[in-house]
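What follows are several structures.
Next, two complexes with chain A in common: one pairs it with chain B, the other with chain C.
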Partner chain A sequence: MTTLGPTLLPWLVALPLAGAALVPIVARRDARWAGGFTLVVALVTTSLASVLVAQLASQGPFSADLGGWAAPYGIELHFDRFAAWTMPLAALFAFVIPFSWRYLDAPLPRERWAPFYALMLLNLGGLLGFSVTGDLFNLFVTMEVVSLSSYALVAVAGRGVAAWAALKYLLLGAVSSLLVLFAVGLLFALTGSLNLADVSVRLAAAEPSGAALLALASLAVAFLVKAALFPLHVWLPDAHAIAPSPVSAVLSGLVVKVGIVGLLRVLQLAAGTGISLEPLNTVLMVLGATAIVMGAFLAIFQDDIKLMLAYSTISNIGYIVLGIGLASPFALIGAFVHVFNHGLIKVTLFLAAGAIIHQTGYRTLSDLRGVARRMPQTAAAMAIGAVSIVGLPPTAGFVCKWYIALGAFEADQGGYGFALVFGALFIFVYYVRMLDAFFFRSPVRPEVADAVEAPWSMRAPVLVLAAACLVLGVLGGIPIGFVEPAVVDLLAALGR
Partner chain B sequence: MTLVGLDLDYVACVVLFCVGLYMLVAKSNLIKKVIGLNVMETAVFAFIVTSGMIEGGQEPIVVAGSAPPYTSPIPHAMVLTGIVVAVSVTAVALALIAQIHAHYGTIEVDELKELP
Partner chain C sequence: MRVFALALVLVVAATMVIGIAGLPPHGDPDGPVHTHVGARYLEQGVAETGLRNLVTAVLLVYRGFDTFLEVVVIFTALVAVLALPSATRQPPQSRDESAAASRRDTDDAVPVSPVVFLVVRLLAPFIAVFALASLYRGHVTPGGGFQSAAIIGAMMIALGLVFGREHAARLVPHGAKAWLQALGPLVFAVVALVGWRLTGAFLGFPADEAAHALREALVVILEVAIAVGGAVILAQLFMALDAPS
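This part shows the complex of A and B:
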């Protein structure tokens, strides 16, 4: 039992990547097999992640040295409480995949199904690798696996407008990746090591220098682009709105969190160096609060439901970044929980929106009036997701936003607490618009008036996720208990 | 080699980086933007390789008669992986540009923006 964790850890990353390579072979006879195979791989990977979390709980952090070379010279995978905190996000994949089965009928020809599922698994493998890597250069490589598969997934449904959105995403994403590579090179030149833990020890031992500051600043900016923090968000709305709905769910719910996890890694690296984090925290608080208000404000004017959800992501990333910038225990707990809860809520909303678009063929509020009469279950899931993201009790969104607001007052930054409430009001306005159109207006389109509920393979994931939004709101103590160790570790590293 | 207190090779990297950044931001042609990105990537690769070099350093292969100082091999390995990543990014970008051209008939950003 004692060696189970280190033995299994490499498989957490290797399984989805190997699965991605196998998808085209499985799909050779019948493209529909690709979807089933992908679900199996995603489920096995998720179970593996839960075994690793259980191992962590019983034996503490463990690592695996790849290729038999010991750290700090070999490449290390490290599973600590910080990595464990990101694992539940991977479970959301198991809901997105079955939803895709029937959804892909409309936007994708059969011969593109295998590449689609292969890219989804590559994305999952990259995300998991990014969470568990203990190596600075691998951080860059896994980030690129995630980014490249995301660019391709945005464009996968073909047509020029998707390619244009994907290219805009790529050009900004590539520059931010380049900044990460530059910073990795600089940190290696400064410290002579690539192991994350080792680099942070050696940085702390060395004199604080301009070069170290430059490296950490490049990393922070690069990850904020990946997280789409306002005003670095310009690539996000088109890419997330134009992609097929399962892809939007993954991009909005999971892929932007790469930036957040990366940002937290930068904070851990910088913690011991003697470089003051105060300026960074101030920038994060100001930009976070601006993102909350601006994201919500821009969302009000959208008629396209997916574009509205994309702007809502910008606003919610603002909540998370504000929580990190406040850096008080309550705010950090709120931010950490919101990383998962926002993922859960946004996947629910995008999948529900996808089901509605799939069944009616329309995607704007004015066309979708009265859709709740014909699709009551999906519309109810959408309503639960909307209430969650506004942050009303008793839903999942309330817990984290309440903690971040408490954190603002705890850090003696009450003004940001008001920005948060103000943003929530804006968010409330545009979701009320959506619910009003869905529930209280008469249909204007014959396709909406005659729509039927989505098939069960699409409806079941949406309903289960919506139920989870309610359960995690009522039992808010569970996610808080789960992230608390990771927050305690971070606070200890930051010396607070 | 130093020039007024600055390492000339690092200065060259910064200049190259800025040239690439200018192309990426200012050019309207999408292919030129991608080439600008490649120039920026080259600047970063050159910087990383240079950082591993030392004056009079030998290739890090220990055989009879070789003696320190050696140059660091790790930056080379990193840059090799970086080049693979850069090639993949360029390939995806060019594929997307081909799709844009097939659909809109143009690859100029100012013309793409005017389209509905």
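This part shows the complex of A and C:
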């Protein structure tokens, strides 16, 4: 049992990637096999992830030396509690994939199904690799796998606008990737090492230099672009709203978290080097609070439900970044728990919205009036998701936002606590608008008046995820207890 | 707005230049780059990996996982292009349509000059041999899988340009295409598995002297997979381009 974790860890990344390469082969005879095969790979990967999490829970963090070369000479994968708490994000793929089966009928011709599912698995493998890697250059390469597959997934379903949205995403994403590569180069020149832990130790030993500061700043900015923190969010609304709904769910719920996990790795890197993080934390707090309010404010004016959900992601990233910037135990715990909880809620919302759009053909609030009469289950799931994201008890969103608010007062930054509550009110307004349109208005479109519930392969994932939003609200203490030791360690290393 | 953007670019660029100026001097033998991890590769690389080309040693042995992911990135580029709307040119259904399609190609295109036609035909076999040589000697001398992939891929694209895409497409057997394009990631996964069984480490290479031949074989298999997979992907990227209309 002792060696099981390190032995299995590399396969967590390799399995979905090799699976992706197999998708076009499996789909040669019948394109429909691609979806089934992809689900199997996602499920096996999820089981592997749960074994690793179980091992971590019983024996603490562990590492794998790839190729048998001890760090810093080889590449090290490191499974800590931060990485472990992103593992449930992988499980969300197991819901998104079956949802895609029927959903793809309309937007994608069959010959493009295999590349689509391959891109989904590449995205999954890249995300897992990014979470567990302990190596700077490996961090860059896994990020590229995630980014490249994401750019393409935005553009799969349409010409014109979709291509422009993907291009905008690609250009900003490329700037961010180049900044990461630039920083990796600087850090390698300063330390001669690529292993994250080793670089941190060697930076601490060396004289403080402007180059080290520049490298950490470049990494922070690059990851904030990937996280779409206001005002670096301009690529997000179009990309997330135009992509097919299963893709929106993955991008909005999971892929933006690359930026957050990356930011935490920057903090770990900086810990102990004597570089003051105060300026960074101030920037994070100010931008985080601004993002909460601006994201919510802009969402109010959207009529398109997917665009509304995309702006809601911007404001939720604001919550997470504010929590990280506050750098108090409660705030950091709340922020990191929200990395998964927001993923769960946002995937629920985007899949429910996708089901509604798929069944009715409409995507704006004004067209979708009264949809709850004909699709009560999906609309109920949407309502649970909405209540969760506003942060009302007893849902998954409440726990995190409550902790971040507590953290604001704990850090003597009560003003940010009020910004948070104020933002929640805005968010409440636009979800009430949505629920009002769905539940209490009469249908204006015949397609909506005659709509039927989505097929079970689409409905079941939505309903299970909505139930999970409630369960995670009731059992909110479990993730908090899980990430707490990691947060305590990080804050101790940062000298707080 | 434009002035603001220009000012921002200048400030960022100046910051970067100042930061870079703070780095240890380039080429300084006492710099961290030459005294830490790199020094160990130079001192023990040949003995530890059994490869005389240290670039290959770092690429495939010390940091093989990065290379695995690089191969995955190349594969991602292909599936990304294949997933996009513009890549779905309907393949010609019957022989008649195929003939019509190639006629259309030749009608629309500027006719290929006989000089270009002859030179490409003449050079193609030599290019292929050069790619093979760079592949075969790659773990000893400069060269290797990626270089070879680029050379073979370029040769296939050049042939496609002069003979038309429909003819060049036949260079990649249709039935094997799905396997060949996935060769890089798949063979890496298999070698990782073999290494795991032999050494207990993911992507591990047997280190003892007795396993020298096996280690060499694993490296060559990886190089061939990178070369063939990469070449097929490059050629397919070219084939997927929209016909000029």
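Heads up, the rule we're going with is that the second predicted complex is superposed on the first by the 496 of 496 C-alpha atoms of A that agree within 3 Å, B and C clash if a C-alpha of one lies under 4 Å from a C-alpha of the other, contacts with A are read in each partner's own complex, and residues count from 1 in each chain.
In the analysis below, a contact is a pair of C-beta atoms (placed from the backbone, for glycine too) under 8 Å apart; a residue touches a chain by one contact, two chains touch by 3 or more.
Quick caveat, the model's predicted, so the values are computed rather than measured.
K.L.:
After the superposition on A, what does A:174 contact: first (chain B), second (chain C), both or neither?
P.N.:
The answer is first: A:174 touches chain B but not chain C.
K.L.:
Of the two partner chains, chain B (first) and chain C (second), which one does A:164 touch, if any: first, second, both, or neither?
P.N.:
In the superposed model, A:164 contacts chain B only, not chain C.
K.L.:
Pick one for A:472: touches chain B only (first), chain C only (second), both, or neither.
P.N.:
In the superposed model, A:472 contacts neither chain B nor chain C.
K.L.:
On the superposed three-chain arrangement, identify whether chain B or chain C touches more chain A residues.
P.N.:
C
K.L.:
Identify the partner contact of A:25: answer first if only chain B is touched, second if only chain C is, both if each is, neither if none is.
P.N.:
In the superposition, A:25 contacts chain C only.
K.L.:
Taking the superposition as given, does A:141 touch the first partner, chain B, the second, chain C, both, or neither?
P.N.:
both
K.L.:
Per the contact definition in the header, classify A:39: touching chain B only (first), chain C only (second), both, or neither.
P.N.:
neither
K.L.:
May I ask you to decide whether A:116 touches chain B, chain C, both, or neither, giving the answer as first, second, both or neither?
P.N.:
In the superposition, A:116 contacts chain C only.
K.L.:
Quick check for you: in the superposed arrangement, does A:188 touch first (chain B), second (chain C), both or neither?
P.N.:
A:188: touches chain B and chain C.
K.L.:
First (chain B), second (chain C), both or neither: which does A:211 touch?
P.N.:
In the superposition, A:211 contacts chain C only.
K.L.:
Which residues of chain A are in contact with chain B in one complex and with chain C in the other?
P.N.:
137, 141, 144, 148, 151-152, 155, 158-159, 182, 186, 188-189, 194
K.L.:
Show which residues of chain A lie in contact with chain C when the two form their complex.
P.N.:
Its residues touching chain C are 7, 10-11, 14, 17-18, 20-22, 24-25, 28, 64-69, 72-75, 109, 111-112, 115-116, 118-119, 122, 125, 129, 135, 137-138, 141-142, 144-145, 148-149, 151-153, 155-159, 182, 186, 188-194, 202, 206, 209-211, 213-215.
K.L.:
Can you tell me which positions in chain C touch chain A when the two form their complex?
P.N.:
Per the stated touch rule, the residues are 15-16, 18-20, 22-24, 31-38, 40-41, 61-66, 68-70, 72-73, 75-77, 79-88, 178-179, 181-182, 184-186, 188-189, 192, 195-196, 199-205, 207.
K.L.:
Could you please specify the touching residues of chain B with respect to chain A in the complex?
P.N.:
24, 30, 33-34, 37, 40-41, 44, 47-48, 51-52, 74-75, 78, 81-82, 85, 88-89, 92-93, 96-97, 99-100, 102-104, 112
K.L.:
Within their complex, state which residues of chain A touch chain B.
P.N.:
137, 140-141, 144, 148, 151-152, 155, 158-161, 163-164, 166-167, 170-171, 174-175, 177-178, 181-182, 184-186, 188-189, 194
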